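Shared chain: chain A. Partners: chain B in the first complex, chain C in the second.
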Partner chain A sequence: MKLKQNQLYTVIALCVIALFVVVADHVFDPFILRVFNLCAIYIILALSLNLLNGFTGLFSLGHAGFMAVGAYVSALLTMSPQSKEMNYFLAPIVPILKNITIPFFPALIIAGLTSALVGFLIGAPILRLKDDYLAIATLGFSEIIRVVLTNLQTVTNGAQGLKGLPRFSTTYTVWGVAGLMVLFMVMLMRSSYGRAMKAVRDDDLAAEAMGINVFKTKVTAFTVSSFWAGVGGALLGHQITTIDPKMFTFSFTFNIVLIVVLGGTGSITGSVLAAILDTVLMEFLRFLDEPMDFLFIHTEGTPGLRMVVFSILLMVVVIFRQKGIMGGKEFSWDAVLNFRKKKAQNGQTDQDSPDKSSPKEGGRHA
Partner chain B sequence: MPETILSTQNLTMRFGGLTAVSDLNISIGKNEIVGLIGPNGAGKTTAFNVITGMYQPSSGKVLYRDQDITGSKPHVITQKGIARTFQNIRLFHGLDVLENVLVGCNLSIASGFFSATLHLPGYRKRTADAEAYAMSLLEKVGLADAAHKEATSLPYGQQRRLEIVRALATRPTVLLLDEPAAGMNPQESLDLMNFIHRLRDEFDLTIFLIEHHMQVVMGVCDHLYVLDYGVTIAHGDPATIQRDPKVIEAYLGVDDAGNK
Partner chain C sequence: MTFSLFMQHIVNALSLGSLYALLAIGYTMVYGILRLINFAHGDIFMLGAYVAFYCTSLLLLPWWASLLIAIVFTSILGMGLERVAYAPLRDSPRISIMISAIGASFLLENLAVLIFGGRPKGVEVPEMMGKVLKLGSVSFLSVSLFIPIITVALLILLMWIVNGTKTGIAMRAVSTDIETARLMGVDVNRVISFTFGLGSLLAAFGGIMWSYKYPQLNPLMGVMPGLKCFIAAVIGGIGNIGGAVLGGFLLGVIEIMIVALFPTLSGYRDAFAFVLLIIVLLAKPTGLLGKRQAEKV
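What follows is the complex of A and B.
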């Protein structure tokens, strides 16, 4: 009975979200729509990193590298020969890539798969490392990817980057893929693979003793995470229509890490909420970087002041709410209903916290 | 003498200059309950770690059903049918009680990645079976009501039992228990003895356990091996061990004159 009710709520919520996306596509002005779509892309990126950092306990700092791979592969596969010719004025593009132009969706999948392959090849050796060592190794590989992209002049057009990518990342595409990603994560985390990943995160020795191939589990998580990072990177490229290696520096990875920590490592809901919050704030706090007049105080424009605000935000979260917005819990209807009930009763018997009731049931995509 | 299930041949483990386990020769028959005892630092847990593949032995062999499993990876050894628990409880704190047991069931769910993430029918069926099995295990130890509680929120004794259940979920033939009675009072230890006996009969198990509680060891074990500084100083049935002068010396010590 109750489960059915929750499923009904879920269906209604999904319809409302879908409707909102449709309405947004029609009524938002281009700037706001761009921010709105960026939210979806950041949801994909945050969830793919959370799969590693939050669910498998692998502290990776190499996300930008995999995004770059996806963005470049998809760009090179979808750009028209003319626009490639315009881009490659320093050195001509390698012949095999010159005339390839395939539709967007196959290109997106190939971008993800290429990124996954790179992730697999990098992951297989470095996943023998743990904790900080792994973080440094992933960071190093991400930088290597960036340097390689900068120097493969005839393939990637080097530091000039690529301009005039087809604008394929429409509202429906990015939110569609984001929805798919959320669904994928929910399904994965409820499967035996998700359980194995969480077991490895909590205690890899015990996981091994339970017959779980720890190394294989880690490589699987790393590869899958790279796949989605590649897809996210590709979508990003097709949204801003310009990519260059400088886009994919460590500060981009840091931004994604910030979202994951802010939302709560190991919480799908948290990553979604934090991705939206971060993207929206990032755009609307832009005025901080510009010259300001506040009563008698006049400040010159300080590029990067936004990041100071974000760093402070991160510190506040780390100090006061170490487990992030969602604290590792997931959204559930029972929690919402209990919370409302409790509010109605106003303080009678608040023994168990609302999230605790049954965090596994009636999730957003139950 | 029943068929030998698990045995070691001259198993030795050195850490630098320290020989933690030296020439360990054990032989455990089917459905036996065998104890490994010895003072602190005698190398008991190290022996367990070598048998379960957590350490690579310096020399010697581990045989499981006449098959050499020396140096196999821990998960492979578990897959073969040797499960273990830990001295310091190692539950998955991010998972609830049922999920902890289900991790042990993962072996029987074994599905492809896509079959699992898409929840295809074959996967669903195996998962449903595994969940039913996990619940039946929890019912047997009286943890069914706690199935959806956080594993680490359980009282200590129940956490210990959960660890055993989790190991049972891998459907082992040999169960290695590392100090199952640690931190238990006499009554709890008594219950545990009965529990271990029941496990052996119900799941057709062979049990190898490390224990400090003499009462438990003497009451439950068919055979005992006594380690001191990595060396096997005695083995035999509990009554013989209790009278063995070497064992008494190891536990109580002797003075310079050799008086006990």
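What follows is the complex of A and C.
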């Protein structure tokens, strides 16, 4: 009975969200709609990184690299020969790629698969490393990907980047893919694969003793995460319609890591909330860069102030609330209903469920 | 390649390697004690160069006075950074403190953009550093010769501090086992502060010398050297000062020499460090001079 009630709530909530997306597509002005769609893309990227950092316990700092692969593959597959010709004025594009133009959805999937392949090839050797070493090695690979993209003039147009990508990332596309991603993550975490990943995160030796193939689980997680990163990167490329290697630097990865940590590592709900919060805040804080009049204080436009405020906010969150918004927990109707009941009773002790132990973060001795 | 050209490259490689070594030491010392990748270290390097630049260009101080001021300033900044951003997180999961470090790094970079402006600034190289020296047929800038010499002097000083003084013994004790060191009466907080100060001092010095060798400043100038020097520290075996020096020199020599021998690869220059890192890590996961640790179960 209760289960059915919860399912009903879920269906209603999904309908409301879907309706909201449809309404938003019609009502919002182009700028707000762009931010709104960016939220969906960041949800995809954050969840794909959370799969590694939060659920499998592999601290990766290489996400931007996989996004770049996805963005470039999809861009090269979907751009028309004319717009490619306009882009490649320094050196002509390699003939094979010149005349390829395929529809968006196959291109998106190929972008994801290429990124997954790169992830698999990179992951297989370096997943033997642990903790900080893994973080640095993934960061290294992401930088290598970026440097290679900058230098392959005839394939990627080098540092000039690609301009005029077809604007395929409509509201429905990005939110559809984001919904798919959330569904995928929820299903994955309920499956034996997801449980194996969490087991590896909590204690890889114990997991191994239980018969889980630790290495295979790690490589699977890495590959799947790369797939979604590639898809997210491709969507991003088709949203802003310009890509260049400089976009995919470490600071981009960092932004995604920030979302994951802000939301709570190992929480799907947290990543979704934090992705929206982060994207909206980033755009909202733009006013800081512009000239302002506040009572008697007049400031000139100070480019950079936004990022300063943003970095400070981040550090405050990390220092004072390390667990993030959700702290490893997930959204559930029972929790919401209980919370309301408790509020109604007021006067009870604060929490009934004991704090779930936070994910293990590796001992002090590496 | 002629002999004189080769020698020129060697001089360049040695001075770049020295700068990398100076920066890598800071990473390795902090990592040795706190198991923390101090991402903000590269930005301290940048700030050192900027402070010295402003001391000479605005306050019209002689370059050595600017150097001193910048070094003192960045040491204090390094210690303050540790107090504010890392000390509250000392007992938290490793990932939190790493995020805080990345946050601190972004904060410093963006503050630098805000205060100094994003446009690159040209540095006026002091006469003593900018002279063209000729040694037979080999010609090079005097700064390229000064850097390795001063680096070696600083290294000797550092070795004396670490191995010969009481604070140095405390540093080594803390890096071996923080809890036991505390029980033995070592003031852990003071030692950690000192380590940050020392590391920042070397970084500032490296930054200033860097700005004499490549006379242009921009707020993001510390990012790439920072990453590379952390890699140098990992290659040498992190936590080991000798390893950091070895890694720094190795990286400098390889970077210059590959570009010199295969000019077509010059676009890939920034990738060498990462390729080298991955090769070393796969072959010897704890770095060249690192001790292999048995995993405790």
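Just so it is clear, the second predicted complex is superposed on the first by the 337 of 366 C-alpha atoms of A that agree within 3 Å, B and C clash if a C-alpha of one lies under 4 Å from a C-alpha of the other, contacts with A are read in each partner's own complex, and residues count from 1 in each chain.
Going forward, a residue touches a chain if its C-beta (ideal position, glycine included) is under 8 Å from a C-beta of that chain, and two chains touch if they have at least 3 such contacts.
Since the model is a prediction, treat every value here as computed from it, not as a measurement.
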item	value
First (chain B), second (chain C), both or neither touched by A:Ser251	second
Chain B versus chain C as contact partner of A:Met187, first or second or both or neither	first
Partner chain(s) touched by A:Val261 [first = chain B, second = chain C, both, neither]	second
Touching partner for A:Leu205 - first (chain B), second (chain C), both, neither	both
First (chain B), second (chain C), both or neither touched by A:Arg195	first
Touching partner for A:Val148 - first (chain B), second (chain C), both, neither	second
Contacts of A:Lys98 with chain B and chain C, given as first, second, both or neither	neither
Which of chain B and chain C A:Arg34 touches, first, second, both or neither	neither
Contact breadth on chain A, by residue count: chain C or chain B	C
Contacts on chain A seen with chain B and repeated with chain C across the two complexes	205, 358
Touching residues (chain side chain B, partner chain A) in the complex	52, 54, 73-75, 78-79, 83-84, 86, 90-96, 99, 102-104, 106-107, 109-111, 113, 116-119, 123, 127, 148, 166-167, 169-170
Interface residues, chain A side, partner chain C - complex	53, 59, 125-126, 128-129, 131-133, 135-137, 139-141, 143-144, 147-148, 150-151, 205, 250-251, 254, 257-258, 261, 265, 302-305, 307-308, 310-312, 314-315, 318-319, 322, 358, 361-362, 364-366
Touch list for chain C against partner chain A, complex	35, 37, 85, 88-89, 92-96, 98-100, 102-104, 106-107, 110-111, 113-114, 118, 178, 223, 227, 230-231, 234, 267-268, 270-271, 273-275, 277-278, 281-282, 285, 293, 296-297
Touching residues (chain side chain A, partner chain B) in the complex	184, 187-188, 190-193, 195-196, 198-199, 201-203, 205-214, 220, 266, 328, 358, 360
